[in-house]
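Chain nomenclature is as follows: A, B, C and D, assigned in order of appearance, with residue numbering initiated at 1 for each chain independently.
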Amino acid sequence: MSRIADAVNAPFAPVRAFFRKHRSFGIFVGVVLLSIALPLLTRVPPFDGIQSTNAWVNAFTTAAIYAMLAMGLNVVIGFAGLLDLGYAAFFALGGYTYAFVAAPFTGIHLPFWPMLLAGGVVGAIFGVLLGAPTLRLRGDYLAIVTLGFGEIVPITLMNADKFTDGVNGIGGIDKPSIPGILQFTLTNPWPMYGLVIALFSLIMIMIYRLEDSRLGRTWDAIREDELAAESSGVNIVIAKLQAFAVGASIAGIVGVVNAAKITIVTPDQFRFAVSISALAAVVLGGMGNTIGVATGAFIIYLFQSILLKQLNTLVENINIPVLNQIDFLDFQYVLYGIVLVLMMLKRPQGIFPARRRMREFAPLKIGKRGAK
Amino acid sequence: MATASVTSSTAGRLLGNLRLPLSILAFLGLALGVLGIDQFVNAMTLGAIYALVALGYTMVYGIIELINFAHGDVFMVGSFVAMFISSSLLGNEGAITNVPMLAASVLILFALTISVMALLGALIERLAYRPLRRAPKLAPLITAIGVSFILQNVIQFFFGPTIVTVPQLVPIEWSIQVSGSRVPLLNLFVIATSVILMVALQLFISRTRTGRAMRTTSMDRDASSLMGVDINRTIMITFLIGSGLAGAAGVVHGLYYGNTTFGLGFQSGLKAFTAAVLGGIGNTAGAALGGFLIAFVEVGASAFGYGRWGGAIVFSLLVIFLVFRPTGLLGSHTGDRA
Amino acid sequence: MKVFNKKGLSALAAVAILAAACGGSTASTAGKTLTIGISFPLNGSALASAGPARDGALLAIKEASIEGYTLKAKVLDHAKEGAHNPDQAAADMLTFVGQEDVVAVVGPFNSASARAQIPVSSEAGLLQCSPSNTNPTLTKGADGEALRGGRNYVRVATTDDLQGPAVAVYAKKNGAAKIYILDSTDAYGKGVADAFEAKFIADGGTVVGRQGLPTGTTDFSAAATAAKAAGADSIFYGGVTSDGAPLFRNALAQAGLGALPFYGADGIYDGTSEGSYIAIAGANAENSYASQAAIENIPGKADFNVKFKAEFGKDAEGYAYAGYACAQIIIEGIAAAVAGGDVTRETVRAAVVDKGAAFETVLGSVSFDAVGDTTQRIISLYKVDGGAWKFVEEINYGN
Amino acid sequence: MSAAKSGPMLRARGVTRKFGGLIAVNSVDFEIPRGSISAIIGPNGAGKTTFFNVIAGIYAPTAGTIELDGKPLISPPTGAGREPILLILPTIPFIGLAIYSLLVVGGDTGLVEGVASVAAALLGFVAALLLNIVRPTWYNRLIKRIGVTRPARPNDMVVAGLARTFQNIRLYKSLTTLENILVGMHVHMHGSFLGALFKTRLVREEEAVAEQRARELLAFVDLSGMENELARNLPYGKQRLLEIARAIASRPKLLLLDEPAAGMNPKETEEMTALIRRIRDELDITILLIEHDMRVVMGISDHITVLDHGEKIAEGLPKAIRTNPKVIEAYLGRGAAAGH
């Protein structure tokens, strides 16, 4: 059960047993170790040549934000089996919630920390707002309605310029601070990195706990067989709403952090591409597999933000005639499509399959009456 | 109108059968009155295009219960194929005023585009959807989204990200006068083409063996398989037809607007899907009806200066229908029980 | 990017490829190298407009020579999914900040990216010069004040708030009395349309209809018919070509309004290449008017065009001049700092921002006001004539 | 309560279910004595499974009522057309306020108030919708007053004390055996959302107790030692057992078994029969089953009801049913009874 502990402590059986028992602690230790190891790694060639450590740390911070988004979406898609294509909308709502109360645009300056919670609450409210009318319907209708919702939210943010400053977005958002101890700045990415890492492990722990709880089992049951779940006494609409609200509130919280990090929110930041990139991360990492999904998000982010750029520089430098003409950055977008199609056809369980999801997608080995 | 010899029950039944056509006529009359003839023609033309695209959604949904996200982009590819055939293969540059030449060019254009698109649709079905026929429902849905992205990017790769012009073969100057308003023949041509194709589709579904196979398959796949219907062939034919219609819509779009762009599929796909839901997904006549309805809403919004909110209104309609009437106006397929 | 970082690396062995790839873009920090960062969205649909600005800047940096120093350029691309991405723009700015020999940055291209970048560069005291940001709120108003904290941002393009009124003045002069306005509902399109509307009404014109149709709209026939029904004698479109300006123009023609004058701002002034307003609208583009927040009669234009063609093998267009001018201003600032004996980010910044006098650039003499906006407030107006944009006149708001 | 205890466990009155023009179940009256093992039999297409599904809350009846343990739970839905009114009702004052603010007040003040009113209307709508989904008892009473009734849904029936299995086993195939049982215990666990997040002592204890009970249940159906097997990997016979164990986990008063012995060999069938008896005797659960295998039905049932073409044609003790000419005719065709 404690996958993270497995990953970190593979050879040490007693340690492994300890972390199996104290999984939350194990996740925390694993994430912290990783978050120390990553910046160290960037000091080593070839990574040190790509960009400065500060820029790397900033990239990791963004990747972790993206990974948290993917983990939240995974609750909706991987656990409850609901396809949410407008996930970026909740991300946007979280961001605008903070921007609205912590920027010169409104002149209000509330502190950052309680707003984290507020972002989650706003996300959850809108999750229920959208989920209640649609979750009673077929799963694929939900996909379309959320897709539309994902379109409507940026459009509304754009048009309601009295409240959101329209396309300009809200800028100059307050950076977090711990009064008297630490003021976050934009040129020093380390405090934000620390904050994101802490939040990342917290969210991961929470998600793992939910997965193993009564609620998590309910989601599993719904995903596997809705009718059977109902006949086990599960109120499927409420359980789905809960999944939707959990996913949305994670997006809301992450939206607050994201707004505080970039210090500006504009409607264009929350377009369909964001939802799709999170979906691609979920599919790549394996639906239902929290740690796999987080890793998938890291891979996709670093691939498109760092590797493709380097590929461009590479082919230009070594002058390969045909490749030279290709701008690899043009392939950022098609990457999502390829990931979605290929993974579904060839490896639906993801590159890091979750125990449960892997089996559900595997072909039936035993027929209905195979044992007879 | 009922004579004394007609019993009230027959009259009632007659009225029941006529309720839909009558309400459609009433709606059209109202729309004509409110919008005026110019905007009415605009709406009908736009509706014709939406209807053609919506048919593809509804047919595929009817038969394999898959929302084919890629269908909007199949329409988009259709518009590019039409553009390519028209300008590069046929060498057209603009309007053709010679009527026989025009008819020949347009016919060839339709035939080629529809064939290419039908093949593309079948190819997508074969490669991306058929292997997932027995997989959990989420799998083909996600694949469809992936296909949609790939189609967009392939087109963007070959034709660039900008708006591309398409030769408008039918001269836009040709028009007739209707009660003092100038109605371009081009609009009438678009509406007529669409109506002809839709009628042909209805005939195909109700009169031919394959059409009947499609209907039985959509009702119960396993049962019709037992009765000797080749399911794979039937599904493939559904995709052939749906994509062919999207190709036709692509041709019509190009002729009417004179341009296309790689992002066309997303917006129009969403609207066409809404049309399919409004009409009752799985129901071909409903899809057509929904297409026209959406067009009237959009054109109406734009005509009165609320174009800014057109998208939001359409989307709200979708949600309202999903909540209060998930079966749509003429729906046969229901949403899951509440 | 194609000219940069190409020298002598082609013979690298396969083993060294990865290292070369990663090390390629970082200049060696030996001794007296100074780097000028270039930050634009450079792939997908963003490349067409931002590419020339980058090339202009690269050309200026290549030409420049400052005794005792090597000038280098470092290009970072913040486009994602084919469009500018503010998040990536901020990340790129952080990369520049983290690289000690970067003394100033040319860019960004889009106002939204600027809003994400300026807080970062301002904290680090790193000078930024944008060739193309025209959104007034970057320097004015409450937002501008918050952003302006570090006084490190200047721009050579004048602000949008002047374009709309300039077109309104011209349209009025051109005989427009009853105008129909359509905008693309986004910040740029709606902003410029609002400014136009206000000025047009103030000057005694009548707005017979106004609405917005968002990017991605393909059907403009209803709006065209509405314009016709409203009895408009002129049309204004606030938005850029890809929002649908030429589609609206075609729809107007189809509705029988092809002869009406069609006004727009710099969003439709995009040359004649593939995908441009003129290319899409074709013959319908005649009698269209556009503006540009830049000087048309660029003093050094002919000379620059020759140099540009020689360097890149293509004609200079769009923002190539402004990109060149930005780099020129920065280089002048560096030269001033060198003359002062101390080249740091702060001295370069001060040399540019705090200098009262004008810079001599390809755009002519440029100086900045207290908030970093150019004092060269010239709006040029163009008309489509014979399938190409022809300069008609300029309106100078400078003092 | 005490009055209910004496009556039948389940009472169906005039239950009818139509699909379009087809009448699957036609006005069936039916009672299950407390503590009995009852069976419904009938030829293929007699409407047995439809009747089952009506009892389980999956299909709403077209007519008729069903009481479980004296509580009326299922009746045809009424006033469905009035439900949207309930959803819109709470929004009307806010929409009115919004229109007033935006159009009459106007300007900046009006805009702010208008937007706030629209938001309030939306919230009101969703609140009404949520009530409509959750349906607390007071809400049910309220809507009953305006004539809206909805039959209990499958999960409501489970709460009321009914559990079922399916003809073509529906397990959570990628969950383990133990997890399947734990899902079955859902209605008797109370671990809250926050409890799970913070892993409170209450939740941990409840989980431990539940797991213990799940193991006991597995032992009861003789699946000990298979706790961590995936349901998918169990052989067919054991999947049946697991499904029954999952149903019992919800501590039902009445257990519906849909062809529990289908596809089993004689030995397995015998074991299944014994298990069904044990469930009744040891766990005190009343049982209703549909079965094709006459040996099972005759051997186990106290009480048999025969359906044909959706109608009840006979009921009574096994012995009486066996010789009932109507039943023989239904099974063997017209004339068979006479010729016998």
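In this section, a residue touches a chain if its C-beta (ideal position, glycine included) is under 8 Å from a C-beta of that chain, and two chains touch if they have at least 3 such contacts.
This structure is a prediction, so every number in the text was calculated from the model and none was measured.
**Q** Which one of the chains is closest to the middle, using the mean of its C-alpha atoms?
**A** So the chain sitting closest to the middle is A.
**Q** Based on CA centres, what chain would you say lies at the far end from chain C?
**A** D
**Q** Would you mind pulling out the distance in Å between where the CA atoms of chain A average out and where those of chain D do?
**A** That pair's centroid distance is 37 Å.
**Q** What is the distance in Å between the mean C-alpha positions of chain B and chain D?
**A** Here chain B and chain D have centroids separated by 42 Å.
**Q** Would you kindly tell me how far, in whole Å, the mean C-alpha position of chain D lies from that of chain C?
**A** Taking the average C-alpha coordinate of chain C and of chain D, the gap between them is 66 Å.
**Q** Using the touch definition from the top, which residues of chain A touch two or more other chains?
**A** 133, 136, 155, 159, 330, 333, 360, in rising order.
**Q** What residues in chain C touch two or more of the other chains?
**A** 44, 82, 185, 214
**Q** Which residues belonging to chain B are in contact with no fewer than two other chains?
**A** Residues 266, 308, 311, 323 of chain B touch two or more partner chains.
**Q** For chain C, which residues are in contact with chain B within the complex?
**A** 44-45, 48, 82, 185, 209-214, 216-219, 221-223, 225-226, 228-229, 241-242, 244, 246-247, 250-251, 253-256, 274-276, 279-280, 282
**Q** Show which residues of chain A lie in contact with chain C when the two form their complex.
**A** It is residues 45-47, 49-55, 58-59, 62, 103-105, 107, 155, 158-159, 161, 165-169, 171-172, 185-187, 189, 258, 262-264, 266, 268-269, 273, 304-305, 309-314, 316-319, 327, 329-330, 332-333 of chain A that touch chain C.
**Q** Can you tell me which positions in chain A touch chain B when the two form their complex?
**A** Touch residues, chain A against chain B: 77, 81, 83, 85, 133-134, 136-141, 143-145, 147-149, 151-152, 155-156, 159, 226, 272, 276, 279, 283, 287, 330-331, 333-334, 336-342, 344-345, 348, 360-361, 363.
**Q** Would you tell me which residues of chain B are touching chain A in their complex?
**A** Interface residues on the chain B side: 65-67, 69, 128, 131-132, 134-143, 145-150, 152-154, 157, 266, 270, 273-274, 277, 308-309, 311-312, 315, 318-319, 322-323, 326, 335-336, 338.
**Q** What part of chain A is in contact with chain D in the complex they form?
**A** Within the complex, chain A touches chain D at residues 24, 128-129, 132-133, 136, 160, 162-163, 206, 209-210, 213-218, 220-221, 224-225, 227-238, 241-242, 356-357, 359-360, 364-366, 368-372.
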